[in-house]
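Structures incoming, each one as structure tokens.
Shared chain: chain A. Partners: chain B in the first complex, chain C in the second.
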Partner chain A sequence: MSTLLTIDDLAVSYRARGQRHTAVDGVSLELQRGEVLALVGESGSGKTTIGHAIIGLLAAGGRLERGSIGLRLAGGGLDLAKLPARALQELRGARIALVPQDPGTSLNPVRTIGASVAAPLRIHRWGTKEAIRRRVVDLLERVGLDDPERRARQYPHELSGGMRQRALIAAAVALEPALIIADEPTSALDVTVQRRILDLLDDLRTELGSSVLLITHDLAVAAERADSIAVLRGGRLEEAGETRAVLRDPSRDYTAALLADAPALTDAAPRQARPAVEPFVTVEGLVHEYGKGADAFRAVDDVGLGIARGTTHALVGESGSGKTTIGRALAGFHTPAAGSIRIGELDVLAERGSRRLRHAVQLVSQNPYASLDPRRSIGQTVGEPLLNLPLAHGGVRDRRVLAERVATALEQVALPAEVAGRLPRELSGGQRQRVAIARALIIEPQAVVLDEAVSALDVTVQSQILDLLERLQRELGLTYLFITHDLAVVRRIADTVTVLRGGRAVETGTAQQVLSSPQHEYTRALLHAVPSPDWLRDARRSRRSPHGQLEVA
Partner chain B sequence: MPYALRRTGQAALVVAATFVLAFLLLHALPGDAIVARYASPELGLTEAQLDQLRLVYGTDQPVWVQLWQSAAGFLSGDLGTSLQNGAAVESLLAAALPATVALASLGFLVAVLLACGVAVAATFSSAEWLRRAFRSLPPLFVSVPVFWLGIVLLQVFSFQLGLIPVINANPVEALVLPVLTIAVPIAAPLAQVLIRSIDDTVAEPFIAVARARGAGPRWLLSKEVARNSLLPTLTIAGVLFGELIAGAVVTETVFARTGLGRLTVDAVATRDTPVLQAIVVISAVGFVAINLAVDLVAPAIDPRLRKAVHA
Partner chain C sequence: MSASAAVLLPRSTERPAARRRPALTLVLAIAVLAVALAWAIAPWLFTSQDPLAGEALNALQPPSGAHPFGTDATGRDLLARVIFGAANSLSGAAIAVLVGLVVGTAIGVLAGSTGGVAEEALMRIVDVLLAIPGLLLALSVIVLLGFGVTNAAIAVGVTSIAVFARLARSQVLRVRRSDYVEAAFGSGGSFLRVLWRHVLPNSLGAVLALAALQFGSAILQISTLGFLGYGAPPPTPEWGLLIAESRDYVGSAAWLTTLPGLVVAAVVLSANRVASAVRKATA
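Our next item is the complex of A and B:
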């Protein structure tokens, strides 16, 4: 076993608003030939910056402050930190390749898949035009794309996310690189697709003898795939070592906290199923179609569900399963082709667009960055529903009363009152999601649709938001429809579950039943795809820590 | 292709609406061309004689009848008669159009080349000071008035440097300065949009991915950036066609060239409504045709638009 990559005392800084901020501070790492090293950490930990530094493509304003990046190739050793730009460019794509994060935006939309995969070959003058064409088809076949000749002629928008990531991997391995930097390669993909993509990367690594630097926020992925692991926090290395050794017996509190906060399928106690009562929210025979006539696409096909008052029902499924469509129908945002939806006594479809409906149900959406108006203060945003919905306790016109209500709402979501004067960009992702929840709750709805409300958040923040949602449910008797792709989150928060696939409900029941003894084959496939090695489960069980010890996000 | 058909129908509708609107507006102007042309005391025409002239030109009839007659004439290729000199409007246009088309199309071509050059230099130059310098050019050009630029160019190149003769210039020499004059104010907004759209494209993740494959600046520009940045620019180019017509009016006046611009100026001065009406309609046709062409070409550039076209 020989070392391929040796990073020594690496420091990187970025210039922002005239000041330099240290993004990576004195990190040293080693990656052995043919092995996988996982860089794990939350957003802002510097894991992606390290990847960019290796490949010599720091974002604008970035600068290598000190340290060396040693790469030992067959022809001898190089220090990438000191290599001239031109020489580094020769290495890129040929000896060092990148598998990017988001397959949706990582392919040039106006070039064919074939042209994108051929790019590294053409840039590095690999062979004749005809030879490159044949090689592209071979590569597309190797990464498991059906009908590679046709795929090569297609454009990115004609392929699914998983297929695009396969094409990107094909481009990355085209010149059999010694080092593959995989930057969150599966974060944007469905869990079953994630498994297949990670398997493919493993196969290719073995086949080519390449090393992989796996950048991920997902401890379970790292645990399952990496030989060694490096935990980063705020640009510094917390600890590094052989994966099992680090995760079984973390030497740092931070690693232990990460382990505890990562929601997993293997947590000991799922929510206790409550005795069946009259459902408060009822959906029956829901059908929704996009498009008209022969082109119509049936996104939701005869789905029914019932949610008891004060409980959480999770809608689980992969992209395209119709889960968001159902959530938006429940919140009254579109009229389904058929079916009925009731919240208590309220007929949602008859009340569509009415203020009474807005009082009954509110929506919290996935992206806390996009769902807040960047130009309005938090106080204005949170107070807005009170001004728009005059039914709310006789309407609030008095400024002082409004300010008090906003302060109360912020207090409910554990934000200090002075946040009201700030703008969204001054808050962290977790704080923004708290604001979005406060805005939904200020008019005291009975039901809340949470559409992937924690999916964009780091695990520790995610854990805090889930705690908050549970507390609010207890205190206010809220009924949640919780839309998620993440089965581990389901286990953590849901009482009952519906598993969706292609617009149909394939399985429904209590979270306990569905997750422990799934009846449908698709549910089993979903559960199987979640990365969760047995040894990690044992490690986690023994060090489960109470939540809420970290500072509020 | 129902999409192309639908867009062509919309284009025709725009031209028809322009025709009606222009007609009504010209008609609503206080006084009429008969007064403007013949009511001067030197001619000494009586009110009765003026009425007779109105009868001859048909301006005594209700506006709807006139509109109908004019529309029927346009459809059959009869654009009416100039009130100023009694010539058929179509023959006036036929005389003026070629010079303006040459000026406008050359001006547009130069503008596009200029805009592309400035935009590429502003985004892909290796030195930052160079990028900054080129970035500041378009805002400067935008604020330059056409007439002023024309006069300055004439002063410098013809009178001081004597590079281009003012009198007895051959057709090519005669075009150089007017083309430059008309090109600069069009190149400026075009370059601004192009710079902006190159900036946006360069920030896309797929550019970082291409660089990670070892792509250099030349590859990035020609293979990854160019086509992606072209679409927004193309749309603006269509809109800027209007500028071209306005630019022709000023440029042809400053450089004393014959053409549509000059014809417009003369027609406005003498309130020659039939000529004005024809110019408005012909400009609208050109404008609509260019934008239609842009819309129809767009799917060829961006494959994502093709689906929508066929659906």
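Our next item is the complex of A and C:
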């Protein structure tokens, strides 16, 4: 076993608004030949920056402050930090390859898949045109794309996300690089696809003898796939070492907290089933189609569900399963082709757009970075629903009363009152999502549709928001429809579950039934795909985190 | 923050460190525009010469200490005429931009926010405006309105309506699809309220940048109309007219066309530089 990559005392800074901020501060790492090193940490921890520093592609304004990045190849050692741009260009694609995060935007939309995969081969003058063409087809076949000849001629929009990520991996391994930097390679993909992509990366690594630097926010993925692990926080190295040793017995509190918050690893029992009562929210025979005539695509096909008052119902499924369409129909944002939706006594479809519907149901959307108007202060955003309502229906016009109500709403979501004067960009993702929740709750709705409301957040923040939602449910008697692709989150928060696939409900039941003894094969596949190594669960169970995140209220 | 910035634009590491201060070119551009504006407001402060009366004895003098820009065929000081012309040219450009900005943005916002038949109808009208060459359209409008500085400016403004309308519509469409506009509707906002509170403030940045850009090209277009004789009647000092009147002397007295031409070029370039700064600041 020999060392391929040695990072010593690396520091990187970025310039933003005229000031330099340190993004990576004195990080030292080692990656052995043929092994996987996982860089884990929350957003802003500097893990992506380290990846970009190695390959010499720091964003504009980025600068290597100090340190060395040693790469030991067959011909001798190099310090990538001191290498001139030309020489680095020679290495890129040939010796070091990058698998980017988002397959949706990482392929040039006007070039064929074949041309994109051939790019590194052409740039490094690998062979004749014909040889390259054959190699591309081989590569596409190797990464598991069916009918590679045809795939090579297709354009990115004709492929699914998972297929695009396979094509990107094909391009990355085209020249059999010694080091593959995989920057969140599966974060934008569904769990079942994620598992297959990670398997593929593993296979290729063994086959080519390459090393992989796996950048991920998902501790479970790192635990399952990496030989060694480095935990980063705020640009500094918290701890590093052999994966099992680090995760079985973390020496730093931060690692322990990450471990405790990782929902995929939760082994707590799902919520206890409550006695069946008259459902408060009922959806019956819901059908929705996009497009018209022969092109019509049936996004939701005869789905029904019932949610008891004060409980949480989770809609689970992969992208394209129709879960968001159902949630939006329930929140009154569009009218389905057929079916009925009732919240208590209210007929949602008849009341579409009315004030009464706004009091009955509110929507919290996935991306807290997009759901707040960047030009309006937090106070204005949270108070806006009250300004929209007529006085007779609980609207508020008086400035002082409005400010008080906003302060109360912010307090409810555990934000300090002075946040009201700030702009969204001054807040973190978790704080923004709290603001979005406060805006939904200020008009005191009875039901809330949470559309992937914690998916864009870091695990510790995710855990805090889930705690907050549970507390609000207890205090205010709220009924949640929780839309998610993450079964671990379901285990944490749901009373009842509907599993969706291709617009149809394949399984419905209490969280306990569905998660412990899944009846449908698709549910089992979903459960199986969640990365959650047994050794880690066992280790966690025996240790009992001091953070108390294991017990679900 | 840094991690997300790092994902945006992977570019090779360093750029020169001289970006903290406002760029020198921007300072220069603002200075040029300020001088031009001062000329327009108080031309008499900058020259003691009369822009309209000249002495035939002094005709066609090359640039000198007494006449920095030289004199024209009737002995009038060219610098004085350029300085006094600023008012006509700049106010014309301002009117032109205002017409395009107000009418174009109104059409664009209306089309982008209502959708359906109204959008189709409005945007087809815009297409028709775009299909006619700008100069021809401007000339047609002038023929309808009559000659004159203001009318020429309005004509130039009409030619830019289509560009403003299309940009405003695209911006409104972008903002309308955003999550926060949906959230605003979800919290019970009415159409007009959401339009006023969220859509307009977030879509006007690019439109204002275009207005600054259009200011430069309006000066050029008004000069063109002046050159063709559709703008201000002689002997009114106006930049386009100055160049037009001097075209007989290009061979013998090149300064008569070159120097006013350079002034126009400097002001147009400055307006463009400021426009790009506005665009960056609002992006």
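By our rule, the second predicted complex is superposed on the first by the 535 of 553 C-alpha atoms of A that agree within 3 Å, B and C clash if a C-alpha of one lies under 4 Å from a C-alpha of the other, contacts with A are read in each partner's own complex, and residues count from 1 in each chain.
Just so we're on the same page, contacts are C-beta pairs under 8 Å (C-beta built on N, C-alpha and C of every residue); 3 or more make two chains touch, one makes a residue touch a chain.
For clarity, every value in this text was computed on a predicted model and none was experimentally measured.
*Asks:* Are chain B and chain C a fit on chain A, or do they clash, once the structures share the same frame?
*Replies:* Because the two structures are overlaid on the shared chain, the partners are seen to clash.
*Asks:* By the touch definition at the top of the document, which applies to A:L57: first (chain B), second (chain C), both, or neither?
*Replies:* So A:L57 meets both chain B and chain C here.
*Asks:* More chain A residues touched by chain B or by chain C?
*Replies:* Looking at chain B versus chain C, the one contacting more residues of chain A is C.
*Asks:* So, A:P374: does it touch chain B (first), chain C (second), both, or neither?
*Replies:* second
*Asks:* Touch test for A:Y14: chain B only (first), chain C only (second), both, or neither?
*Replies:* Only chain C is touched by A:Y14; chain B is not.
*Asks:* Check the residue A:A87 against both partner chains and state whether it touches chain B (first), chain C (second), both, or neither.
*Replies:* Neither chain B nor chain C is touched by A:A87.
*Asks:* Now for A:A131: first (chain B), second (chain C), both, or neither, which partner does it touch?
*Replies:* neither
*Asks:* Report for A:A350: first if it touches chain B alone, second if chain C alone, otherwise both or neither.
*Replies:* neither
*Asks:* Can you tell which stretch of chain B bumps into chain C once we superpose, 5-13, 221-229, 239-247 or 293-301?
*Replies:* The stretch that clashes with chain C is 239-247.
*Asks:* Which chain A residues contact chain B in one complex and chain C in the other?
*Replies:* 57, 101
*Asks:* Quick check on the complex: what are the chain C residues that touch chain A?
*Replies:* 1-15, 20, 178-180, 182-184, 186-190, 193, 197-198, 201-202
*Asks:* Of all residues in chain A, which touch chain C in the complex?
*Replies:* 14, 16, 18, 21, 23, 43-49, 52, 56-64, 85, 101, 331, 333, 355, 358, 362-363, 365, 367, 370-376, 384-385, 388-389, 436, 439-440, 443
*Asks:* If you look only at chain B, which of its residues touch chain A in the complex?
*Replies:* Spelled out, the residues of chain B in touch with chain A are 204-206, 208-216, 219, 223-224, 227-228, 301-304, 307, 311.
*Asks:* Using the touch definition up top, name the residues of chain A that touch chain B in the complex.
*Replies:* Chain A residues touching chain B: 55, 57, 89-94, 97-98, 100-102, 105-111, 115, 119-120, 123-124, 155, 157, 168, 171, 295.
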